[in-house]
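Remarks on the structure that follows.
Per-chain numbering from 1; labels A, B, C and D assigned in written order.
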């Protein structure tokens, strides 16, 4: 037996009586101590969701052996990971620095458990920012369909070579192909401005200004083939008034984008986000 | 000369240099003392907006005489009223009590400067609530087109007889006719639930639940012929999570509706809302 | 066996491995289905807290029998109640209506699971409000020490006769005696204005105004012998600016007081508040 | 005459009738166009406050000449500056990077109109962060009274040599001497964690944790000889719950500190903060 390790465990399965008893029995069998536990039963889909943090001196093999009868009996989707292990995260960006800066600053400050093998961009502007934080940076133009295909090919290579677990669109201003979105579904997080009411078409901040909206904000969501319409992870808004110019609305919106995206990435890296059909279960 | 009166003054006109000097000169001429002042120049429409509170012992006639050269030179829309005068307000409701209760409670508590000649409803349920606060109540069914026409005829009578200045749709669940909306444009305030993203069609709380939205709220707006699309007055949101049932979302949303609508009515009654095309200028 | 009942269960005990497994085993033994579950282990005090909602067709006796070995083995404090059962709640008030109105309105609207045998006040002003909602009302002056003793004697009688489970100080402006506070500790909830920084002494809103605070709010807390210093249940704040008069700060503060107190009462009535030394664990 | 310049003007004087008329007359005399205007009369101190933005092609000399009769007649404190001119700002820091990073990132992003001649610290840790943004950095130990005197001497030299207009304590963890605070009063902004209730003594986050506070936040304030007690500029709070460790409270609190301090600096640099005795008037 080794020293005690702090594990995070997630389970998803069809809801039925006895699951908690079975899971907690497996934890007892692995000499585990539950330090954090959350669960939720979805009336919408009849699905049971659970997230545990467990301390045990059992090895991964021993722990998995103890869990095996339960996960197989209830036909669970499950994950076992070490708490705080940095998630391998590829960041895509364009020219706007605010989201990338927030992610890199917090990663260095020890507040965001990610490791970033690469920042991949369709422009050069953010090279020095990545450099300051010691993160490799590549840029490839994405103007023609051929360039876009090459960009996505490179993206998939990076994912493959680095065993990337999460792709963050940190104000990456290009639409990814439906094929790519499908292939990486559930692994791509995007950030999107948000208004009440919503606005379609170009220059939404200008539209928001001209309708005199009183709240502007941001939504972090999973990317599905249907851009901006995937399951919502987190949303924030901030109050504005008539005196704000469209440019000021953009600046205010960027702050919300940064903190909302970073929050979503943090929860993902901590295995706190589970999917229930078109919605997310967040175990904060 | 009489005792000092506390006046509220609003001006709207095409923006040009010298307006503030001209207005403040008229105030000086009326021996007025400015106690509150706000102004805004809209780059969108080239319009100048101003709201003043002024103490003076001048009579209304004297004050208007002092203002006349300025308002006519700048071709102003303007209003002169006494601060705190209760606004004659007609409230329309259906069955839900939350918005009506909030308005009546605050009116009695002296926090909302309105007087309410009538609550007009298409159902009986809220009769005793109005009665407790000593407010007349009438109900008329609105099921057939003929009944709707009769209801709107009665509404216009009440407006006429009581010189009504504001109509509040306190969760009145019927659509007003375009003709009525047009006739009373700028005088009808509605409250509407709000989500990010917006949802079309029936049972929006259920849709919001199934998309897992993280914020729900309410928007108070002027009613134009295009329902729910008039200029926004105020918006609030509150955070929710996956564990909330559609029913709980409704209850949470109702709180936001109450406070948002009451806030909008208060600002209107205090002459703090001015219109700039499709948006509102709010001088809080 | 009867129809299925929806139960709420809370447990508090010294933290050790195996509790969840033991509890969930007892639920299985009672043919129960866990519909909601929250737990927390306090590093501060080494205490384990759990709240469950369970559906089962077992009777109370059968359910208690199934739980007995677990609660006795772990030496638990525990409660078993029916979800939604109205809590017997005594409300104390003085002259300010805002908190009482909010509680009574929501109770009638079905949003607050309490039944109120009496509103007890040291003034008459709120009699008609209680009357409108059909709640008995008594007032007794509390000016002299003898009157205060008589008031508290009557309070204890009401508690006794009605088996009162919660006492809500809805802006009751008298200090309760230390003996009473001690006797009813953990059963009295008070609401208190809150500022950053805090202010001692008379007229805190005036002090807050003169220091130019930018946030004002309210704190709901348990009453201990040391008034205003008991465990915090809920806090809210709202933004204000320099233009607000002390009177406006009071009005704004009252809104926060109402919603904060009602929230605290709701959580208490739903068995969502557990005590961990000087702090509360809230299972929302 | 030169091209049109965008000016910001602030006035403070004893309140009396006619000020606005006199000021606006001077603007007219300087061919100015008022683009933004805010004013406030303090009932507490009988003081009138005004902030204007004015476009005019008049030179500074011509503009001052037009203003001179008014400012002298009303015995005004006043300032005339160019909108957007970067404020010469000295930043003091210790080891914590969050506030400094936010200021430097926003300064480079064009969202914070400051120029920073130096970051002065009592430790070396933040040297590379300053370096990345191209800002000179110096550190001097402050352990002994002699070192502290030397540090403050250097600080005053930097203020002198660079004509520094604002000193920002970006989590500078040393107390400045009363003499220095007095000498630079109204020019030093500090950031301070804030809780409800407030806590005295060491490790406030730990105290806040053990009392189970539900809101934590930050207060930006002017430094007076009495540290942490100067006029409040801005406050923010964020909701927390019982599950947060003291370390997590610190991380959450740091985010509030960053955004609150940066906001205060921005308002100061834009001449939006005026002093009314112990409070601030903020013309947002």
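Some observations on this one:
What we mean here is this: contacts are C-beta pairs under 8 Å (C-beta built on N, C-alpha and C of every residue); 3 or more make two chains touch, one makes a residue touch a chain.
Keep in mind that this is a model prediction, so the values were computed, not measured.
Here the chain-to-chain distance from chain B to chain C, counted in touching steps, is 1. Centroids built from CA atoms put chain D at 41 Å from chain C. The centroid of the Cα atoms in chain B and the matching centroid in chain D are 37 Å apart. Touching two or more other chains at once are residues 36, 243 of chain D. The touch graph of the protein chains shown is complete.
Within the complex formed with chain D, the chain B residues making contact are 17-18, 20-21, 24-25, 27-28, 31-39, 41.
Residues 36, 97-98, 101, 105, 109, 111, 132, 243, 251, 255, 259 of chain C are the ones touching chain B in the complex. Those residues of chain C lying in contact with chain D across their complex are 40, 42-44, 194-198, 209-215, 217, 219, 231-237, 241-243, 245, 276-282, 284.
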